[in-house]
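Look for chain A in each of the two complexes below; its partner is chain B in the first and chain C in the second.
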Partner chain A sequence: MRVTERPGWHAAITASTIFSLALLLFSPPGGAAEKENPRSGGELVFAVGETPPSYDGHRETTFAMLHPIAPHYSTLLRFDPQGYPKIIGDVAESWSASKDGLTYTFKIRKGVKFHDGSELTSKDVKATYDKIILPPQGVASARKAYYDMVDRIETPDIYTVVFHLKYPSASLLANLASPWNFIYKAEILEKDPRWYEKNIMGSGPFTFVEYVPGSHWVGKKNPNYFMKGRPYLDGYKAIFIRDTAPRVAAIRSGQALIEFRGFNPAAKEDIVKALGDKVVVQESPWICNLTVTINNEKKPFDDVRVRRALTLAIDRWEASKALSQISLMKYVGGLFRPGAGSQYATPEAELTKLAGFGKNIEAARKEARRLLKEAGVPEGFSFTLKNRNVREPYEVTGVFVIDQWRQIGLNVTHMPQEGGPYFNDFRQGNYETGIDFNCDFMDEPDYQLLKFLSSDKSPLNYARYKDSVLDDLYEKQGRATNAKERLKLLRQFEKRVLDEQAYQFHILWWQRIIPHWAKVKGWKITPSHYLNQDLREIWLAE
Partner chain B sequence: MAGEADTTIEVLPAVSHIPRWLAVSLRFARQRPLGAAGAAIIIIMALAASLADVIAPFDPLKTDYARMFQPPGANHWFGTDAFGRDVLSRIIYGSRTALLVGFSSSFFSATLGAILGVGSAYFGGRTDLITQRLMDVLLSFPLIVLALAVVAILGSGIMNVILAITIPMIPRCALVVRSTALSLRRTPFVDAARALGFGHARIIFRHMLPNVMAPYLIMLTAFQGQAILLEASLSFLGLGVAEPTAAWGLMLRGAAVEFAERAPWMAIFPGVAISLSVFAFNLLGDSLRDALDPKLRVS
Partner chain C sequence: MHQYILKRLLLMIPTLLGVAVLVFLMLRVAPGDIVELKYAGTGAFAPKEVLDQERAQLGLDKPLWHQFLSWMWGIVRFDFGNSMWTGRPITYEIWIRLELSLELALMATLVAVLLSIPLGTLAALKQDTWVDYFVRIFSIAGLSIPSFWLGIIIILGFLIFVKWLPPLTFTSFWVDPKANLTQLIWPALAVGYRYSAVATRMTRSAVLEVLREDYIRTARAKGLWERVVLTRHALKNALLPVITVIGLEFAFLIGGLVVTEQVFNLNGIGMLFVESITRRDYTMTQALVLLVSFSFIFVNFIVDLLYAWLDPRIRYQ
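What follows is the complex of A and B.
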């Protein structure tokens, strides 16, 4: 890969790259195609907890689509499978950016072939991104909003794509490395922009063999894959197993060798106990969290004192110790994922100064009771907490939060709901408080902060407040030309959301735990279950 | 000696000092020991439910993360769960949920079923035909499937669970009561009531319903065991009452399954509580049927 020009305001990306390289250098070995010689051949069987709603990566938002289907496709850029968050080229051989940060030029590799033998060119990249950014009527594009900065896309020649931006963006490259942005064939899109919802035609390391709904998805090695010597596997088979217990049993029995989303600690223990040294466990912080969302339009939650009391009552440090033993919940963090590879995470010393993140819980609860009294909220005040009817980690967290609020004299009724009514009530404001979630494929403030913008600007914000200060800070940080300046803006944003206004607040960030058979090599865990799923580096040791 | 003749002592029957209800109970216990055992368990459950605040050693909702997964011991007789909550206290408080749902749903379903059954038998003709076909439709669904459908439509929560259990049980009682009521419809006292010009409601509620009390009481008792089991099933499936409410079925799901090997007491004790209560109601129901059914009495 050759990066020909790097404007100064790309310091954030440079810093992240250096940081990830340092991590690679100093991190202990594990999971990578490091010292052993990769072996070709074999079929990887892995479990997937859901079935894909459609085959179109641009439209879907679930791992159930990504895990079985990503191996059929290439993307323009990608996150380095061995060194997140470093960004490397996939079909892009190199790229450059203009000094003003408004023009990005990508050179496409020569000889990248679609599975039908036709060559992938800049025309296909443009058609793909046109579909994502400006989808034709009736075509869904789940992440269209993240490309607001793109003005137009040009193709000066068949191996060059140029993205012209309306304003400089710190997140463009990361967005172009999105694992969802499969490169589709322009000719097919021209005839039918929805063709990819039900068909596969990619340029990835594996070609499509068959899909039996509810049972399995099979792919076989693409002999014409552009990367010499890849993939190592002859093929793969994704088997769909909805419930956790049979999925764990599938791993234990060797019916499946890995499940890429993640298991909870109990399942991990179960698998390790059964398989001993035949299994290895990879763990990582996860770019997923649960949030307490408060309906800021309803009384008494329109009073900042009440909202602050709610966050002050929660002992996140105890939660981290306790809930991490029984659920996916683990890391205490602010608006940005804590842990390795996250350059935006708030240091603990700063974090503990925010309401609800301090370590003296007695003092915090005393203050919470004072605030409630001052706001005129009586002892034993009753309200409801809406939640998803999913035990892990939603209900577990619901029980925890309700108990924490009981300790400041609040009486909370837990209301778990099915997905449909749950989302519906949140969107319509038909709730008082609730447990909400957020999962992203990368550590990028543009993504992680979107939920906290004014509710008329962000469809993800169910807390129903408007705050022009936050909207302004969001815009500024997205266009910040300096990493330090951006970080400063991010801290201001975080303090306003979590501390000063306590509109809604995180409880804990998740832990990703992947116990897999030791013979599965070349796969390294990342903080997102959406990344590193094309299977091209994976090989089987026996 | 005339005085002697005046002082004749009248021999009165011996007056028992045992209250009538106790005498009946003792006779029932002597004649139906299994039913009495069932009744005793139910009484213990009812006492536990009503005195839970006094007898439970811990707050059933109080989490204690320093004591997660404690095995049964001196402090926690039945151990603690994944949140460090005392299992015994949750079982004691759980009896409230079980009995509330059990009594409410069996009472409403048996009562509505009895009214429908008697009404259907009394009016006969097209009313009977339509009512019975409606009952047939409801009966064609397995109990749990219909309850699941109701909860799926209405959502979870105690009141909805009571409704979800009540609806599918109504036709079961209606059918049984109707068969008894059909024989009552042509009895002289019903004809006499009609001849005297009494209204339909008066005939149904004052004259017919009291005469179907035997099947009604049997169904009422039998339904309670079923209702407790159904509530536990719905809660186990995550469609009944919600955490952190103490409920036996709820205690069996989630962590109790995931940590079954590490902390088996989390599943064993609520499982035993459910089995014992259903067993008790079934024993009592069977004995009541034996005692109240004239055919069985004769045989």
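What follows is the complex of A and C.
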């Protein structure tokens, strides 16, 4: 990879690269530290917990689309499968940025072929990103908002793509490494921009063989894949298994060798106990969390004292110990994922100063009671906590939170709901408090903070408040040309959301747990179940 | 008889129309919509205009009467439209699952019939002996054990003792009969056992009742062999209520094996039904409700025709 120019404000990217190199030293089994020689051949059978709605990566938001379909496609850039969060080229051979950070030039590899034999050129990259950023009428693009910085895309020649930006952006490269941004064929998009919703034509390591809706998806090795010697596998089969118990049974029986989303601790124990050293377990902090969302329009939750009392009452450190035994809930963190590979996480010393994140729970609850009294909330005040009717981690966390609030004299009713009514109530503001969730494909403040912008700016903000200070800080951090300056803005944002206003607050971040057959080699866990799914590095030991 | 058949067939139309109106309205009254679930459901940034655009594409922005009439117009032309979730034709989505569901229903019915009729008859013939007690215990156990629980036990038994699991993906009987039966025999046994328990008890009581009838005494008095008395006189008459039970259960099995399908990871109609409802896939749910309703109506119709065949006294006008 060649990076011809590196403006000073790219220090953040450099830092992340160094960090990822350091990470390589601590690779878990199955990762880059493998000493064995990769072996070609075999079919990887893996389980997927849902079925894909459509095949179009640009419009879908579920892992159920990515896991079976990502192996058919290439992207412009990608996160290093062996060293997250390092960004490497996929069809981009090299790239450079202008000094003012407003122009990015990408050189496309020569000889990248679509599965129909035609060559992938800059025209295809432009057509792809035009569809994502400026989708034609009637075409949905789920992540269009993250590319607001892009002014236009040009193709000076068939191997060069130039992105012109309206303003410098700290997240552009990471956004171009998005696993959702499959490169589509311009000629097809021109004829029918919705063709890819029901058809596959990519340039990835595997070609499409068969999809039986609700049952399985099959791909076979692309002999013309641009990376010589890859993929190692002859093919793969994704079996759709909706329930956890049959998924565990599938792994135990060896009918599926891996499931890439993750299991809870009990399922992991079950598999490990049954298979012993035939399985290895990879674990990682996950860029997913559960949040207590408060309807800031409803009384008494419009009073910051009440909201602060709610966050102060929750003993997150105890929650981590208790909930991690029975669920994915594990890490105490602020607005950014704690743990390895997260360059934005708030250090513990700073985190414990925020309301609800301190370690002296008695003092915090005393303060919570004082605030409730001051706000005129009577002892035994009753309200509801709406939640998804998914036992783990939602319901167990809801039960825990209610118990914590009971300890400051609040009487809370748990209302688990089916997905439809749950999202409907959140969108309509028909709730008092609720458990919400968020999962992203990378550690990037532009993504993790979006939920906290004013509700008229972010459809993800169900807490129904408006705060121009937060909106302003968000814009500034996104355009910050210096890593330290950006971090400072992020801390200010975090303090305002979690401590000063306590609009809504995270409970815990998740732990991703992947127990898989030891013969599955070359796959390394990342903090996101959306990443590293093209299977090109995976091989099967005898 | 022909007139009766025609009348019954024509009666299906208003019945199905009533079902169609009910399911259409009930789905619209239930909170939540498919677009919210598709986009906001996974925490993606989906602004209102994207959601509105999607709603328009699915026709959800049109007035209810318009949505209903276009659905009805499609049905008249045997066009059920596309699934709102996957965008694929509903007939295709149902068709690829129907073979499995029908086969499983047939196999479970076969298991139930093979168990219930001999056991129920035997229990009646040997009333109040150890044979009768055994059959009663066997059938009460079948009624008490949910089929999905038996399914879990079967799977755990395989996993623990032979470290094996039935295949997780469906292979058509016509492509590979061995693979097909290896997958479906276990859920068929789990479902068939419970199903047989109901039918066994029904057979036992019906045979007991018939054996006390005058015409049985007459048959025995004129010196007929006991086997002939039983098969040609007693059993044929006793089977009338049993066939009703078997018919209704068969119709239920086509769309009602939700949990068993989950346990064995079967890609059947029951699973599709639940997924469609939880996703608020209106078009798919509507089509499935109509399919299951049609199955019930049709099976009932067949059962009524079987009555006439089994009991010559029954004549339909």
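The definition used in the following text is that the second predicted complex is superposed on the first by the 534 of 542 C-alpha atoms of A that agree within 3 Å, B and C clash if a C-alpha of one lies under 4 Å from a C-alpha of the other, contacts with A are read in each partner's own complex, and residues count from 1 in each chain.
Here is the rule we go by: a residue touches a chain if its C-beta (ideal position, glycine included) is under 8 Å from a C-beta of that chain, and two chains touch if they have at least 3 such contacts.
Because the structure is a prediction, the values reported are computed rather than measured.
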Now for A:348: first (chain B), second (chain C), both, or neither, which partner does it touch?
neither
Applying the document's definition of touch, where does A:456 land relative to chain B and chain C: first, second, both, or neither?
neither
With the two complexes superposed on chain A, say which partner A:253 touches: chain B (first), chain C (second), both, or neither.
second
For A:318, is the partner it touches chain B (first), chain C (second), both, or none of the two (neither)?
first
Identify the partner contact of A:374: answer first if only chain B is touched, second if only chain C is, both if each is, neither if none is.
neither
Quick one: classify A:245 as touching chain B (first), chain C (second), both or neither.
both
Quick check for you: in the superposed arrangement, does A:297 touch first (chain B), second (chain C), both or neither?
neither
A:213 contacts which: chain B (first), chain C (second), both, neither?
second
In this superposed model, does chain C or chain B come into contact with more residues of chain A?
C
Contacts of A:36 with chain B and chain C, given as first, second, both or neither:
neither
Under the contact rule defined above, give the chain A residues that sit at the interface with chain B and also at the interface with chain C.
245, 418, 421
Which positions of chain A touch chain C when the two form their complex?
51-54, 61-62, 138, 140-146, 197-198, 212-216, 239-243, 245-246, 249-250, 252-253, 255-256, 274, 418-427, 437-439, 450, 458-460
Residue ranges of chain B touching chain A (in the complex, touch as defined)
61-63, 65, 68, 82-84, 152, 155-157, 238, 242-245, 253-255, 257-259, 261-262
Touching chain A in the complex: which residues of chain C?
30-33, 36-48, 50, 53-54, 57, 85-88, 92-93, 96-97, 152, 155, 158-159, 163-165, 167-170, 262-265, 267, 271-272, 275, 278-280
Considering the complex alone, what residue numbers of chain A touch chain B?
245, 264, 266-267, 269-270, 318, 321-322, 325-326, 389, 391-392, 395-396, 398-400, 402-403, 406, 413-418, 421
